[in-house]
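Can you keep this structure in mind? I'll have questions shortly.
Letters are used for the chains, namely A, B, C, D, E, F, G and H, taken in the order the chains are written, and counting of residues starts over at 1 for each.
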């Protein structure tokens, strides 16, 4: 497994990451890490590798777009001095274009999205031991759905940035795709965006797979 | 993995199982399955084996002893017609002896515990495809601690019943033991009984291991 | 307009009809009629035809299927002695098949749905001046979506019943279809089922159109 | 219909406009537009003309007089750059004279009212594609009632301003008058000021009529 | 003053009497008597005539009509064995005719009203030392207002009953009439029905005047 | 009656005056004047002299001593430009000496009390048409009770100030004394300080007597 | 100390005993024993004599008189099979005579009080190892105060019963008397009935003294 | 007893001291002193020595370490000018090392702990009549438990400081030790840190013993 002894992993994103984490920093007692995929990642890492003392910190904030990440990057990423960082952003960048079509100032279009993500990666990568870029996703199997198609374009942008900088890459849309062959979207999320525990397990497994997690270890 | 297509798994127990499950039946929308190890088991099963359509139902009730299980066994186990059943009980049977020593009618001593568990297993096993008996646990590494020692006696009783009837058996105390070599008890549970997410992952992994769960499947 | 002086219109259905109506009867002071399409229908009828003194009563109940309607038909329809009745049911009959696939006792399949609806219509029609059967709907433009396709089958059943008994018929799915050519589904309902005010206006307009409502009257 | 593609309509006023709109701007998801006539206007416009993408924004604030509108005009009207604007104000300017007769600093008398309204119109009209001035109203059919008579004087002032600047004009008092011929005032509003849904439909219909809304369009 | 030493006065009516009195009996510690005119009557009687030990009990119930009084007369009047009784009822009997015109089963028309009141008086008077019949009122100065005119007909019925049985009679409408010459209705009650403290003082003064209360006594 | 047409009466004091008045100014709609003696005074004045248009404002603040009054005198008295002013203060000045004997900085001893009251009167009297100084009180009939005896000393100081400046004077302790001959202290106030409605009527009657109120006027 | 190993002490009474104890039985986890003198007694007994395993149960109920104790004596005393019992009742028997003088059915006069207490003692004493009768008290130093004088009469009745049956006796009024020489009544209880922690310590010390508690034991 | 007439005792610490004390200063009416050992100390001192007028002030703050005490020492200790001071700190300094092992900035290690405590004592002692240093404790009888062993090291540091400066010293761990010979840890505190009332009595008795409290005095 790639994350080493006493290393710190910060996971940043939007409401899918947030899941009621504590403020100002999502870590510590009483499930301050939140009840979503970050909690699952931390629980599986800590129960499987208790000897490593890995510190997982949840910095997701509900409603955020990449524009919001940029504004809080200094305090919420750089100041925490992570060894590892994961970023999963873009849901709201796309969603507002579809659920609030007339409120255009709330939309973050593809150019701004990709450029902002790229600049954040460029500025941060030198300080990291590892960076995991995760695509946003839309729990909708129909690739012709307008919002799904747009989300795929943002996911492709994440992939381009990951490849350009050589970071780890997690295709969460593909991970959901495998499940959606058997389960209807509504079984995972009523609004096709905020997953229940099954959906969070999908995300967590995709992330853990990327960092070389071995489930059976120590059993 | 042992649990087959469209089979139903009922998991019964006390507050460690309950974790705010819905009433009267802990399954369905909005995380009605609760936020503890049952939710983790369901999330990992459903995300890993979506094609199987396994139905997981949480029937834990906070504060319960084996005496309480017996009283609700007909409605809460038999009437649900499970294919698979897991039972994890005994925490409160033991705990009341230590946190309420003068209130003796709240104690369930070892004889009653083992006899009751055995009678429930005997009556139910013929209708099941699989039964998983899980020990109670106490998140305390010192085997000489009075309550830990007593809990171990109850765990041994579970093992005897499992062996007598040839059921699957999960030693949750041993599972926690491996983690407690590296983490202090208070990191997993402030009261050494109710685990945080890490502790629930310990239980879930132990259960899933017993039923042949393959983490990496389908990724 | 078909509804005459001092006639009573009862509108029954599920949560889309309910919208926080008062109990036990949804009518009277303080918007007891609820805040959904029934409220819109009442508001437009009463403001346009104040001289008619039409009495509109909301008898929707959240979560209901046609099976539930049957159970409360005597108290919630027949005892109220409506002159006019509208029925819009089926969303939950279908939805549970998709969001809770393993909980099969919560599913109401097409045969039971159509037979139940037909028996309710047959028993009630003789006592009515007018009956409006409305299809259920799913705010999803992709007709190949599994749940949309199933919902269309239920809508077709409503149409068959309406034609068999010669009642008024409202195709709410078609009404949403015209709007979905221009607005993404998420603009009308985050879960594609429970509409915002725009969606309720779509339903109300479709209903009012069927009963011959003249918007410009009296202005 | 006068309001064109992708144009923005801001509707400002007091509690009759507000109706629990979101802050700081009343538009967007979760019925942020409020549950009064602004919501009805938006729902009918969006469901009838979905292809136009009209943006409706509710800027009503409970308790406001024209004096309050003046204080927040820059942020709450001009900064939003509306294409269309509706103003319905005056209820509180008049009401305080009658329900709080001794608290004279809370009264806004006719001179101040008309002058302030005129100055706001003069400053804003050049930037608009359309302006709709709506009278305040009092849901009391007796024109000799002291407060109704005073409200009529304020309504006449609105009409003078509308005529002076050639804006659209909506006589809400007259719209209620047609309904009050058949319904007692208390059926529409217990306090004769804050309407229920029927009363809001009266206002919405009067407004929509003024901007050339065609109800039957697209059905 | 007519009410003697250690005599009990029960005051029954609707929400204007109720004013958050305690259940099941409105008397005793912590202002259980309610915050309306009954509280004012008790406060002025007890502070002016502390030596008399008069027991005042509030049995008003919000929403009641004379039909409701009849249903609870045994438990709420006769069982309490009052020496004195006051009755003020009729507001809701009339109001529902105007605010809920289509819900006719909620209306209590004049014949039923007068007959019921008369039968209650006939059955109770023999057991009382004194009975005070109070008219209902509507805080509206325009005698041609439809609801005011109807309320006056009910008040006239109260007067007929009072005269027939020779009871004390309080014309609350007249008492409000003297105040309404100077104060607008909205200063006393936003809905013209539920008075503020000033309005309750109007009622209390009218009642106290009828029983011979001497304000200046003992000062 | 001394208070004339359109004159303003400000009543200041501690929790006995406050009684949940509105902030920042205790007057206006929805019983903003509070539910204590100020409300009773306003209700009796307004219902008896509706033609005068007297404005009553409650500026009591719970927990206040004369030291607190001094600190807020500019904003809470002078800025309101009263014609009439009443002051009832001293309860907390004394009470803290008895319920918190060790917390000496919370005590306001007699010298400071009298000097402060005198300076406030001297600075304000020239701007008033009338000033009513009311003693604090303790609802305890035993004049030898330590706290009652101390309260009497503070009441005597109020009398000295009233006589020195020739203001109106209300001896509330004496007013309660007349009632306490017949009612036990606990009937009026569980803590002998905060009266129920009967006790507030005692205070209101004493005040109204001092300003020449005629109860029977206009009936 | 008189209470022996593994003996059970039940303490019954009114609100002074209750202090938010758990229902139906006041003992066990989470300070279910309440926060008043019963909690203090239990805390001092358990911390001083941990080896004895004494079980203390709080059965106080707010508002109770001796009449109420009689009604629940079977379930709340006898069924619990106490070895030791304490009874402190009478406050409400007396208080209602003074705070609700007109509501005579709420008063329990001295004859009924003493006879009821005596019958309860007679019926229970044979089953007990020890019985402690405690007087009610009133935190008022003036023995001529009407309610204090009446409370003293009830305390004398308790003493008579204690002497007749030879039970232990605690004079709580005398215990408060020693403190009231130095502290004003209001320092211990705002209403002279419900003590703060200091007052509960007074009661607990008086009780513990009666059963031979040795404070310094084991330190 | 060492604490003299009218002297002030300030007790500072963490959540074990705090126990819901009032802010900003924990003293005065309504049990503002909190419900833990400080309340017990005050209750026993005031009920046993009412003539001394001792002022006890609770300045505990939940979650505090010695680092936090240092930051608020000026306002929360020095500004209050205590005669006597007690300090019990260290629980959180140690606990965070065990329940949050990866969040190292929340740990206060032994060097910093002892040096900070020493500097606070050195700066404050000259202004005090008496200083009581109390060890932190962990309600765990197993001296080899990792956290207990660490807590013992911090307790030893407190002892070193007490000896160096000649202050009074309370070994709370030893006081709990005597009780833990007979009661399981969980009977006193579910998390072995926050005691129930029995545990607070253990602390209070240890403190009172150190200052020469005589329980039987005055009885």
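Keep this in mind: a residue touches a chain if its C-beta (ideal position, glycine included) is under 8 Å from a C-beta of that chain, and two chains touch if they have at least 3 such contacts.
Just so it is clear, the structure is predicted and the values come from calculations on it, not from any experiment.
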item	value
Result of counting contacting C-beta pairs for A-H and A-C, higher pair	A-C
Same-residue or different-residue interface between subunit C and subunit E, half as cut-off	different
Euclidean distance of C-alpha centroids - subunit E vs subunit G, Å	45
Euclidean distance of C-alpha centroids - subunit C vs subunit D, Å	32
Between subunit F and subunit C, distance of the C-alpha-averaged centres to the nearest whole Å	62
Multi-chain contact sites of subunit E, meaning residues that touch two or more partners	29, 53, 99-101, 183, 190
Contacting chain pairs - touch in the sense defined above	A-B, A-C, A-D, A-H, B-C, B-G, B-H, C-D, C-E, D-E, D-F, E-F, E-G, F-G, F-H, G-H
Footprint of subunit E on subunit C - complex, ascending	6, 8, 27-29, 53-55
Residue ranges of subunit F touching subunit H (in the complex, touch as defined)	99-103, 106
Touch list for subunit G against partner subunit H, complex	29-31, 33, 35, 39-40, 42-44, 46-48, 50-51, 53, 175, 178-179, 181-183, 190, 196-202, 205-206, 209, 215-216, 218-219
Contact footprint of subunit E on subunit D as seen in their complex	95, 98-101, 142, 144-147, 183-184, 186-187, 190-191
